[in-house]
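The two complexes that follow have chain A in common; it is paired with chain B in the first and with chain C in the second.
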Partner chain A sequence: MAKIEKKLPFWQREGFTPFILLLPAILVLVLVVLLPLLFSLYTSFTGYRLIRPDSLYNFVGFRNYERIFTDWDFWVAFGRTVLFLTIALNLEFLFGLGIALLINRITWGQRTLRTIMMFPMMFSPILVGYQFKFIFNDNIGVLNNALQSLGLSDGAIPWLVDKHLAMGSIIVAEVWMSTSIFAILLLAGLFAMPRDPLEAAKVDGCNPWQVFRHITLPFLMPFAFIAMTIRSLDVARAYDIVDVMTGGGPAGRTELLWTMIARVGYDNSRMGQANAMAYVSILLSIAFTYYFFRKLIAARRYMGGAN
Partner chain B sequence: MTKAGIKLLAAATALPLLMAGAVSAEEIDYGNFDGYTLRVKLIGGAQYEPLYAEIEKWEEMTGAKVDVLSRKNHFELDREIKQDIAAGTLDWCVGSNHTSFAPQYGTIYIDLNGVIPEATLAEFQELALANSTVDGRLVQLPRHSDISNLYYKKSLYADQGNKDRFKEKHGYDLAPPETWDQFKDQAIFFANAPEFFGTQYVGKDEAITGRFYELLIAEGGQLFDENWNPTFNSEAGVRAVQWFKDLYDAKAVPAGVLNYLWDDTGLGFASGTVALNLDWAGWASFFNDPANSKVAGDIGLVRAPVGSGGKRSGWSGSHTFSITETCDNKEAAASFISFLTSHERQMIEARKGLLPTRAKVWDEAIAEFDGAGNEFMVTVFETYSQSMAEDAFTPPLIAPWIEVSNEIWPRLQAAILGEKSPQEALDEAAESAREVMEDAGYL
Partner chain C sequence: MDTALKKRIGKAVTWVMTFLLMLIICLPGLWVVLTGFRPNREVLAKPAIWIPEELTLNNFAQIFGFGAEQVAIPVPAYFTNSLIIALTSTVIAILIGMSGGYAFARFRFRFKDGIFLGLMLSRTVPGIALSLPVFMIWSRLGLIDTKPGLIIVYVALNIPFTIWLIDGFFRQIPKEMSEAAQVDGCTRWQAFWKIEFPLARSGIASAAIFAFLTSWNEYALASQLTRSTDSKTLPVGLMDFTAQFTIDWAGMSAMAVIIIVPALILTFIVQKHLISGLTFGGVKG
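Moving on, here comes the complex of A and B:
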């Protein structure tokens, strides 16, 4: 028997079977993810310019990274992206939680409402950008006209120009578009929630706030952290809405990492430097993902789930 | 027969005559490319489309088919072409191009000298061809040109009350501005934010860099010295930036202008809430069409103003067509771009107000407007023909132009918003522009 087994070619041996079964997936991942990643990592060490393909072999070492680390504008954009991410995610969580709790309470027309709630997700971010660009236009925009008609303002408020309002306006657009992702995930959490602890708490005399604070919310937190992980990756690479609404301007007031990277990579054709920036910005996404996963594990442990 | 009846009859007989003229001139042989499919990438947008309706005719004449691979605005097309260069997928033949963008693309496009017959080239304006030439190679055939002149709302200048108050305030008579200083005075004078604005300007991207550039030249400055050292942080440069800032601070322009591009300024003037508008001729027929515009019938036009350096602003460029070096049938491609820039095709664009690049089309277009009693378009063409002949200049035709522009415009915005002084902003921009020029091998 042992002799026959020895004669089997290596790929027919039992130990290899899992690898062979996984091979198609591994090949696809290598081709579609790993190779492009390695290629872009390599280009970040070159002076690669899109319009000069031969510059791909122009190795410049850490020059691109040195430039980034001494570029104040880049770090301002980096900080602004972190701030944008933090505010947008928190607002989306709060509004999403509110909507989920409200929808969970109604018994008639819930399905219709759930569908309507998801409408903003169905629009392309570019369209959402144009829609809010029009709403916030200082001269012909709906918002300023409404404020003036109601007598709440007598001047044209420069929503997309002012230092604080411009970023705020973009956050409003982002929150409008994506709050329903939180709402839908939290609603799924509410549906899956066991009734017993809630009823037990009521019997024990807890008021609605105490029930929410100590039973509903901890139960929902794992769902919230999953939503936050997904959304943090989305928001960290926010580009479409910002590009349409302000293009990162004026005077760089709404410049986020990806509007900057796109300009450097495409308009200025400096793909090498843009890739270096992208690699630095990926650290941000990894940091957020790691943070939310830690929180997720902690929340599940608190609920007595798997660790 | 009534007078109107006679006019109608005359017009009805003139139309077939004109068409007969077009048919006879169409006897140019565009060749036979039966069964060939020409792959092209064209600039899209309302003003560019009427020309593309003509493509069918070329297909009929030559037996070829045209496959339009993309039809995007120029900034998006630019990105796509750069990706094609990087990926080595220049598997198409004809692309829309622009004089400001062409130098970036290196040698992906062929030299049209020798490909387009000399006799044909001789019919184009010399300046337009010179601006289409990069490193001695004619890399593009100009389709139509672009320069800005100053539109104004006529009734404001006829109003006696306005005249009196203006004279009292500024000490000179109210008349359409001849200098950039007068332009500023009047824009501030007419403004009454947020209902009415003195003027508007494009506030971002290469658009505001271009406006700054032409004002810099008019003020007697230069972007670079002869050795390509950035010199725009000069006194003239500061005066140019100050012009934008003064209007912004006086609320003579909407607060949102820093996000405005060409559509915003054009539609703003058409909405009747703006007194003065420096813009290209492509808007002329739109502005004067009551269906689109509240200022129709109330528009005056003067040449772009003179700066303190004694020069008129005249930032100019041309939309063009180029043929790729990798094209598999350059003959068909040459036939196609000759067709799109032919006399008849340029007349089609001229009727919409786009500025032709063939000398003869100017005359014929003016004669046609005149014949139709369209005085406004006659004025438009005469004014623009003068500024194209006397004032036009392009940005430096160098590969890093767009990159230099990307260093300049965010700083202009910062100066206009008061985050930096004009001098600081320009110094910073000049330093970054120097780095770009160094990287590109100019310094």
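Moving on, here comes the complex of A and C:
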């Protein structure tokens, strides 16, 4: 057997098979993600403008980065993005936990409820944005109409135009869309939970809060971090929602990093600068993913072993 | 208070909360669907008309170009584009994902963790950030506003998650089954198609549905890489409505219904497998 193995050309050897199997995946990702990103890294050091193709060779060093790092508007958008993600992810976790605990108590119709819960997850972000744009519309939106019909408000509350309310409205849309990922994974965690420690704790005289705090919650945390990791892979989905609902307005009050990239790159056609910003946004996404992935591993270890 | 009463109150609270929750989840979508069947003047009416006085299929007829009044937005073309682009990219992504997922599930090799991490990291790149260089390169290659241009991007977008899911489904199948088949004279290739593939089929189908929906719903990249009826997809087309002078809410809602319906049906089919796939791949890693 070993003799035959030796005569085979290298690509037919056993050790080489996984690389052949992975080759198409790696090839596509190199072509569509890695090479473009290297190109955009280069571009971020040039003064490239879409309307002047020759400016691609206009090397400007770190000037784009200097410009965005000294730009107050950029830092405001950056801070707003981080704040937005922090608020949204925390709310999604809390609501998701509440929903999972609630559904776990129900014995009848649980499957149907779980299926319904998945629907927002499968909605196109653009649809979620449209749906809430429609709900929050100051003139004909359902929310204002309901408030007026119930006599709670006479005027039209400008949900998406007011500088304070607009961001809140966007967070509502974001939380509505993504809470179900947490709810579903936490519910799966509750299903997988062993009964014995719970019984033992009850016998030892723990009250329900103590049981929840010291047994249920630590067991659920890996599931929460899976959800967080999946979510942080896809945080930039919020771009679609903001683009539909406010387009970054009013007066830049809902401008997130991602809408800013689109505006600078395509509307102002300053590709070099936009690419520099894009790199900051990529690093931000990687930082979020890495953070939650580490938490996931730590939570698993806390549980003892890989199970 | 005796415990029986306490329990009953607890149960009632649970049901009320669940009911409210379902209301919050379902109402926004249902309201959009209902609006799709109402005439626009009723939607715009002040004070609001809560109980529809008139339900009509006019909005749908109009956006598909059957009605007396024509809408300037070529929804049928967008629908076809969306379908072709999502289906093609899904088939390619699943073939590539099956081969990659099998490699991760069945082989030990150098750089395994590194390659897996690399795949996942490629997914973290925000669509809008990726769109900039892809836009620049695609416009040089003449791929802007073509279906293949968008299809290849969606394949790349779907590969990491497809591999993750399919890896999990293959790992649930005991290795011994394929080994037994090989002892009995099957090649590894035959063993895969006769033993492992049929067992993982439903899991792979759900990975496919998930990939399809990702492509069907994508907006950030499509909005920059498409220009005309040659390649514009439904989510991009939906934004056409906002460019008009007055927003046609009823027409827009009708279009939203067209985007929602496939998503709802496919979610319904896929839900069970998706949950097991996500938790398996993540927890037992």
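Just so we're on the same page, the second predicted complex is superposed on the first by the 269 of 307 C-alpha atoms of A that agree within 3 Å, B and C clash if a C-alpha of one lies under 4 Å from a C-alpha of the other, contacts with A are read in each partner's own complex, and residues count from 1 in each chain.
Here is the rule we go by: contacts are C-beta pairs under 8 Å (C-beta built on N, C-alpha and C of every residue); 3 or more make two chains touch, one makes a residue touch a chain.
Please read these numbers as outputs of a predicted model, since none were measured by experiment.
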First, second, both or neither for A:70, with chain B first and chain C second: neither
Which of chain B and chain C A:123 touches, first, second, both or neither: second
Touching partner for A:251 - first (chain B), second (chain C), both, neither: first
Which of chain B and chain C A:140 touches, first, second, both or neither: both
Greater chain A contact set [chain C / chain B]: C
Touching partner for A:115 - first (chain B), second (chain C), both, neither: second
First (chain B), second (chain C), both or neither touched by A:266: both
Those residues of chain A which chain B touches in one complex and chain C touches in the other: 139-140, 148, 266, 271
Chain A partner contacts - residues on chain C that touch it in the complex: 14-15, 17-18, 21-22, 24-26, 28-29, 31-32, 35, 43-44, 46-48, 50, 95-97, 99-100, 102-104, 107, 109, 112, 115, 118-130, 132-137, 152-153, 155-156, 159-160, 163, 213, 216-220, 223-224, 235, 238-239, 242, 249, 252-253, 256, 259-260, 263-264, 266-268, 271, 274-276, 278-279, 282-285
In the complex, chain A residues that touch chain B: 47, 50-53, 133, 137-140, 144, 148, 155-161, 246-247, 249-252, 263, 266-271
Touching residues (chain side chain A, partner chain C) in the complex: 15, 17-19, 21-22, 24-26, 28-29, 31-37, 39-40, 43, 48, 99, 102-103, 105-106, 113-127, 130-132, 134-135, 139-140, 142, 145-146, 148-149, 176, 180, 184-185, 188-189, 192, 222-223, 226, 229-230, 232-236, 239-240, 243-244, 258, 261-262, 265-266, 271, 274-275, 278-279, 281-282, 285-286, 288-289, 296, 300, 306-307
Complex contacts: residues of chain B adjacent to chain A: 75, 78-79, 82-83, 85-86, 88, 104-106, 193-194, 197, 203-205, 254-256, 258-259, 268, 271, 273, 399, 402-403, 406, 410-411, 413-414, 416-417, 419, 439
